[in-house]
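Note that chain A is present in both complexes that follow, paired respectively with chain B and with chain C.
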Partner chain A sequence: MGSSRVDPIRGRRREAGQLVAPYILILPSLLLAFWIIGYPIWDLTDMSLHSVTRFGQLKEFSGLANFSHLIAEPLFLECLIRTLVWTFAVVGGTVLLSIPIALILADDFVGRRVLRVIIMLPWAVSLTMSGIVWRWALNGQSGMLNATLYDFGLMKQPITWLATADTAFPIEIAIGILVSIPFSVTVFLGGLSSLPREIFEAARIDGASGWQRWRFLTFPLIRPFINIVLVLNFIYVFNSFPLIWVMTQGDPANSTDILVTWLYKLAFRYGKLDIASALSIVMFLILLAFTVVYAVLAMRNEREAG
Partner chain B sequence: MSRAGRSVVYWLILSPLVLIILFPFAVMISTAIRPRAEILVFPPVWLPKEIRLQNFVDMWQAVGFGQALVNSVIVSAGATALCLIVAIPAAYATSRMVFRGRRLFRQFLLVTQMLSPIVLVLGIFRLMVKMGLVDQLYALVLCYAAFNLAFAVWMLQAYFRTIPKELEEAAMLDGASTFQRLWMVFLPLAAPALGVTATFVFIYCWNEFVLALTLLRSNENFTLTFQIFSLVGGRYSIEWDNVMAATLLASVPVAIVFAKLQRYLVSGLALGAIK
Partner chain C sequence: MCKVLGLLVGAAALAFTIASAQAKDEIRVVVGFYSAATQAIFEGMAKDFNAAHPDVDVKIEVVQWDNLQQRLTTDIAGGNPPDIALIGTRWLVDFVHNDIAEPLDGYITPEFKSRFIESFMAPSTINGKIYALPVAASARAMYYNKDLFAKAGIQNPPENWDQLVDDAKKIKALGADIYGFALQGKEIETDAYWYYSLWTHGGDLIEDGKSGVGSPGAIAGLQLYRDLIDQGLTEPEPTGYNRQDIERLFKQGRVGMILTGPWLRGQMKADAPALNYGIAQIPAGTRKATYGVTDSLMLFKSGKHNKLAWQFLDETAFSPKWRIEFTTKEGFLPVTKVEADAPVFTGDPQLKAFTDMLPYAHFAPPIPNWEQAADATIRALQQVYTKQVKPDAALKDAATSIDAILKQ
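Take a look at the complex of A and B:
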C-alpha cells in the first residue's frame, strides 16, 4: 500500500477517477429522468407546434396555431379562472387554518399527542380514497352528511351536494383544504420547534402581550416556513387531479372542471390532442415559473442560514 | 391561563375540525359493516340494525381485491427498488463530491420534482404506446421511479451529509475504490435513511392515481387504488358496502405505517427544503 501512494502514475489515474466518478454516479438518474420525464416534454412541445390528427399523427408545422385555438376555447378561460379560484382558496384557507392549529399543537396541554395524530389523519389516506369516501358521504339519497343533518332537524329534503353546481365546487374546495392541512401544520410545527426559546422568555419578562409576541417574534421567524408552504402547496393544489376527478369528474356540466381535469378530458375523452398538447405546455411553463420562485426562496433561506 | 384551562379551550377550538376529520372514517366503518338492504335508504341512519363482517369476505371476492393487492405490491416494490438504485449514487455524488455542474444537477432535480404526472400525462401515454408498454405494470414501475427520483435524492443527500466523512477517508487510505467505499462503508451507515425514503416512495406508488388510470387497460392489471376507483367511476349502480369495505381495508395499513414514519418525513423535508 505504502508504495502505491508515491507511485505517480497510479496517483494520476486515481485523480482522473475522482474527476469522472461523480458523473458516472449521477448518470443513471439523468438517463431515467430524461427518458420518462424529458422525452414527454419534448414530444408535447413538438406536438403543440404541429397539426395533429385524432390518432396522434403529426401533420404539417403550424406554429402557434394550437395555442390560439386553445385560447379561443370558451372552456379555457373558464377553467383557468376556476383553477385560480381553486388554488388560491385551497392554499389560502389551508395556511390561514394551519398557523393557529400549529401554534396550538406546539403548546403544552392535555391530550396533545392524541390531537396531533387526529389532525394528521387525512394525510395518511390517499386522495383517491378520500374522494371516494366523501362522494359517498355526500350522496344525495343516502349519504351520511344528509343523515346527520336530518337527525339534527336541519334538513327536510335530501340535498344532492355534488350534483348541484352551486354546492359541488365549494365543497370540493373545503375538502381540498381539509386534506392539505396536515402537511402545512407539520412544516409549521417543525419551524416553531426550531425557534430559540430564550427570546420568548425574555419578551414575556419584558411584558410583551401574546399578540405582540406573535406579531414581532413568531411571525417574522417562521416567515421562511410560511413562504415554502405557500409555494409547495400552490404547486400541489394546482396539479391536484384525483379529488375532483373522483368526486365529480368536472361535472355537472363542466362546472367543477379545473385545468388538469379539462386537460385529461381533452386528451383522452374528446381526442383534441392539438389543444391538449398546447395546454400541457402552458401548464408546464406556469409550474416552471413557480419552481423558479421556490428555488429563489430556498436559496435565500440557505444564505440566511449559513 | 392554567394548563387545564388551556387544554379545555384548545380542544373546544379544534373540536369542529376534529369532527370533520373523523367524519369520513365513521362513514367508512358504518357503511362497510351494514347489510346491503340498509344502504340505499332515506332517511339514512348511522347505526345499522345488524353488523355484518361477512361483507369483507364477500367484497374480497366480488372486487378481486387479492389480485389488485398483488399488482400494487409488485408495482410499488419494483418502482421503489429501481428508484433507490438510481438515487443512491446520485445522492452520494451530490452530498460528498465537488464537481462542475452539481448546482445545475440539483436545480434539474428540483424542476422534475415540481412536475406532476398529470401535466405530462399525454406525452407519457404516447411514450408508453411507442415502447409497447401500455397495460403493462412495467410502465408504472418506470414512471413511478422517475417521478420519485428527485424526492429520493433530496431526502438521501440530506441524511448523507450527517454521516461523518472520516470513515470513508480511512477506507480510501486503505485503498478502497469509490464503489467499495459506497457499498461497504457508507450504505450500512445510511440504512435508516434508506428505509425511510423507501417507505415514502412505496406509499406514493401505492396511492398513485392518474398514471394507473391512463396506462392500465385490463382488470387483471389494475392496482388497488385504481381498482377501487373503478368500482365507483362510470357505473350506474355502485355497491357502496363493497366500496367502503375495500377503502377501509386498503387505507388502514398505509395509514398506520404513515403515522409511525411521518416525523421522519418532516425532518427530511426540513433538511431538504431549508438546506
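Take a look at the complex of A and C:
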C-alpha cells in the first residue's frame, strides 16, 4: 500500500482532469446533437409564435394566438384523445404479445432460427408498404380477408372494413401492434440472453415453479428492458404516420385521425404552417413530459426494489 | 489518390458544363402528370421552341398531381419557383392573395385572347385580371352500362334523379353483387361527387360570400344520396370507396351508373374493352348542371425570364399544333377554338356528351383555402354516408366551419 500512496494534491488534480476529459471528448458530438435537435425546435417555436403564409413566409409576431386557435379547434381534443387510445393500445398490446414471444424464442427448440427470422420479417418491410398491402387485403370487394372469410363460410355479405371507424380503427391498432412486435421482441431477446443462467438453475433446484421463476426472477430482471421498450414504442407509435395515412387518411369524417395525421393535413393540405408548428410543439411537449415522468417513476421503482 | 483526382476532374467538368449552360437562358416548366403521354408532349414543345430559339433551353419537369401543390409551395418558400407552372386553377386564388402570380394582361394581345373559348378564361380571372391560362378542361357526365340497362329492361339513360332512382332499383334486382348507382365516399373529389347533386338541386357552393352547403338545395341533394344508400341502391358502405374503387366497379360491369370525367373513356379502352357503355348528361333535378374543372399555366412575379416564358406559351404551348396534340392525347375537352373545330373532336359522339354539358358547367368558386373547405364538406358527407348524422345537421355544421375558413 505504502508505495502506491499518491500525493494528495497531484491526485486530486489528476482526478479533476479525469473528470473533465470525458466531457471535452464528447463536447463536439454534444454540440452537433444540440444543433441537429435544437435548430428544428427553435425554428418551429419561432414559426408557432408568428403568423406564417402557406409559402413559409414569416409575417407579424402573434404571441400565443396560434396555440389558442389550436385549442379552440374541436378536432384537437378529439385527435388528442384518439392519439392516446391509439398509443396505449398499440404499445400495451405490443408489450403483452412480445414478452411471451420472446420467452418462447429464447428457449432452445428445433426451428428456432427460422421462427426468429419470420417474427422479424415485418420489420424489413417499410410501414408504407405494409399499409398498402393491408389496404388491399381489407378492400370490401376484392380483398383477401373477405375472400378468406367467405371461403370458410364465416361471412355472407362482404364487409368494407375500412369504411367506418368501428372496424377501421381497431384494425389499424392490430396492424400497429403487428409491426411493432419485431423491435420489441429483439430487445427482449437481448435482455433474456443477458440473464445469468445460474440463478435459474438454483431456483429450479429449490423447487420454484415456472410461474414463480417468471414472477420473481425473469420479470424483475428484464424490467429495465420493458422500460426501454415502453418508452421507445410510446414515442414511435405516438408519432407514427404511415399506417393510418395509407389505410384511411383519417377518414371517415376524421374518425381515425390522430394528431400526426391531422398535423400533416394542417401543414401540407391546408397551408396552415403556423398552427401546424404550434401543434408540433404541443406534441413534442407531451412526449417530453411523458418520457421524463416515466423515467423518474422507473428510476424510483428500481431504487426501491434495490 | 487516383480516385480523388478523378473526382476533382469530374467536379471541374461539371462546373464547366454548369457554367456553359448558364450562358444560355433556361426556362423551367413544372407540369402535372396526367398520363404516360404527358412527358413526351411537353418535351416535344420544348424541342420545337429550342429549335426556333437556339439560345434558350426549356427544361420540363413532370410531377405527380398529389405532390404538385406541395412541390410548388416548397419551391416558392425556398425562393426558387419555376418559370412556368401547371396548376389546378382552384389553387390560383392562394397564389394571387400572396402576391406570387404574375398578372398576364400586359402580355396578352387581342389575337391571343381570341384563341380561347371565352368561358374557360373565367376561372383564372381574379379581380378582373387574368393570372393563368387554361390548358386542360374537363366536364363531368354519367357513364351507364348498356348491357345492365338492357337486362333490366330500361330503354334510355335517366334524364332526372327520379328516373335514376327507378332505374337503380331495376338494376339492383339483377343480382346481389350488382349495384344501381356508384357513390364515391372517400378521398380526392368526394366533395365533387356530391356537388353534382347540390347544383342540380339548385344549390351553390358560395352564396352572397358565404358557404352555400347548408342551403335547402344542398340538403335536398344530400338527402337524395342518403336515400339511395338506405334503399341499397349504391354499393354498400360508400365511405370505403374512393374514385378508383367505384370506377373499378364500373369496369367490372357491376354498377349501372357512375358520374365521372372524360378520362374514364381512355381507361375503358385499356381495362374493359368489351364493356358496352354509353355516356349521358348528369341527371337533372330542378336544373341541369355539371362540374367544370380547368388546369392552367401560370407565371411567377419573381420570375427572371417572364418575357421568354411568355414567348414559349404564345408561340408553342398555345399553338394550334400543340393544343390539338395535348387535348387528343390526354383526353380532355377543347379550350381553344381551333381544337373545337378539329375533326378529331367534331367527329367524336362520346365527347359530345361532355361538350353538350359545358353551358351548364359550374367551376370551383375562387375562394382562398379551397382544400380546407373541401375537407370540411367531405367530413359532413361521410357523417351522413355512415348514417351518424342527418343531412341538414351535418351540412349546417359544415357551412359554419367553411364560413370561418373563408374569413381567415
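The working rule: the second predicted complex is superposed on the first by the 242 of 306 C-alpha atoms of A that agree within 3 Å, B and C clash if a C-alpha of one lies under 4 Å from a C-alpha of the other, contacts with A are read in each partner's own complex, and residues count from 1 in each chain.
Just so it is clear, a contact is a pair of C-beta atoms (placed from the backbone, for glycine too) under 8 Å apart; a residue touches a chain by one contact, two chains touch by 3 or more.
What you see is a predicted model, and the numbers here were worked out from it, not measured in a lab.
Of the two partner chains placed by the overlay, only chain C lies in contact with A:Thr160; chain B stays clear of it. Using the contact criterion defined above for the overlaid structures, shared-chain residue A:Gly93 touches neither chain B nor chain C, since it reaches no partner. In the superposition on chain A, A:Ala253 makes contact with chain C only, not with chain B.
Shared-chain residue A:Gly56: touches chain B and chain C both. Comparing chain B with chain C, the partner in contact with more residues of chain A is B. Of the two partner chains, both chain B and chain C are touched by A:Phe268.
Of the two partner chains placed by the overlay, chain B and chain C both lie in contact with A:Gln141. On chain A, the surface touched by chain B in one complex and the surface touched by chain C in the other have residues 56, 139, 141-142, 158, 249, 268 in common.
By the touch criterion given at the top, residues 70, 73-74, 76-77, 94, 98, 100, 185-187, 235-241, 245, 248-249, 369, 371-372, 375, 378-380, 382-383, 385-386, 388 of chain C touch chain A in their complex. By the touch criterion stated above, chain A contacts chain C in their complex at residues 53-57, 139-142, 157-158, 160-164, 248-249, 251-254, 265, 268-272. Chain B makes touch with chain A in their complex at residues 3-4, 6-7, 10-11, 13-14, 17-18, 20-28, 30-31, 39-46, 82, 85-87, 89-90, 92-94, 97, 99, 102, 105, 107-112, 114-116, 118-127, 142-143, 145-147, 149-150, 153, 174-175, 178, 206-207, 209-210, 213-214, 225, 228-229, 232-233, 240, 243-244, 247, 250-251, 254-256, 258-259, 262, 265-267, 269-270, 273-275. Across the complex, chain A meets chain B through its residues 1, 4, 17-19, 21-26, 28-30, 32-33, 35-37, 39-41, 43-44, 47, 56, 97, 100-101, 104, 107-111, 115, 117-130, 132-137, 139, 141-148, 150-151, 158, 178, 181, 186-187, 189-190, 194, 224, 228, 232, 235-236, 239, 241-242, 245-246, 249, 260, 263-264, 267-268, 273, 276-277, 280, 283-284, 287-288, 290-291, 294-295, 298, 301-302, 305.
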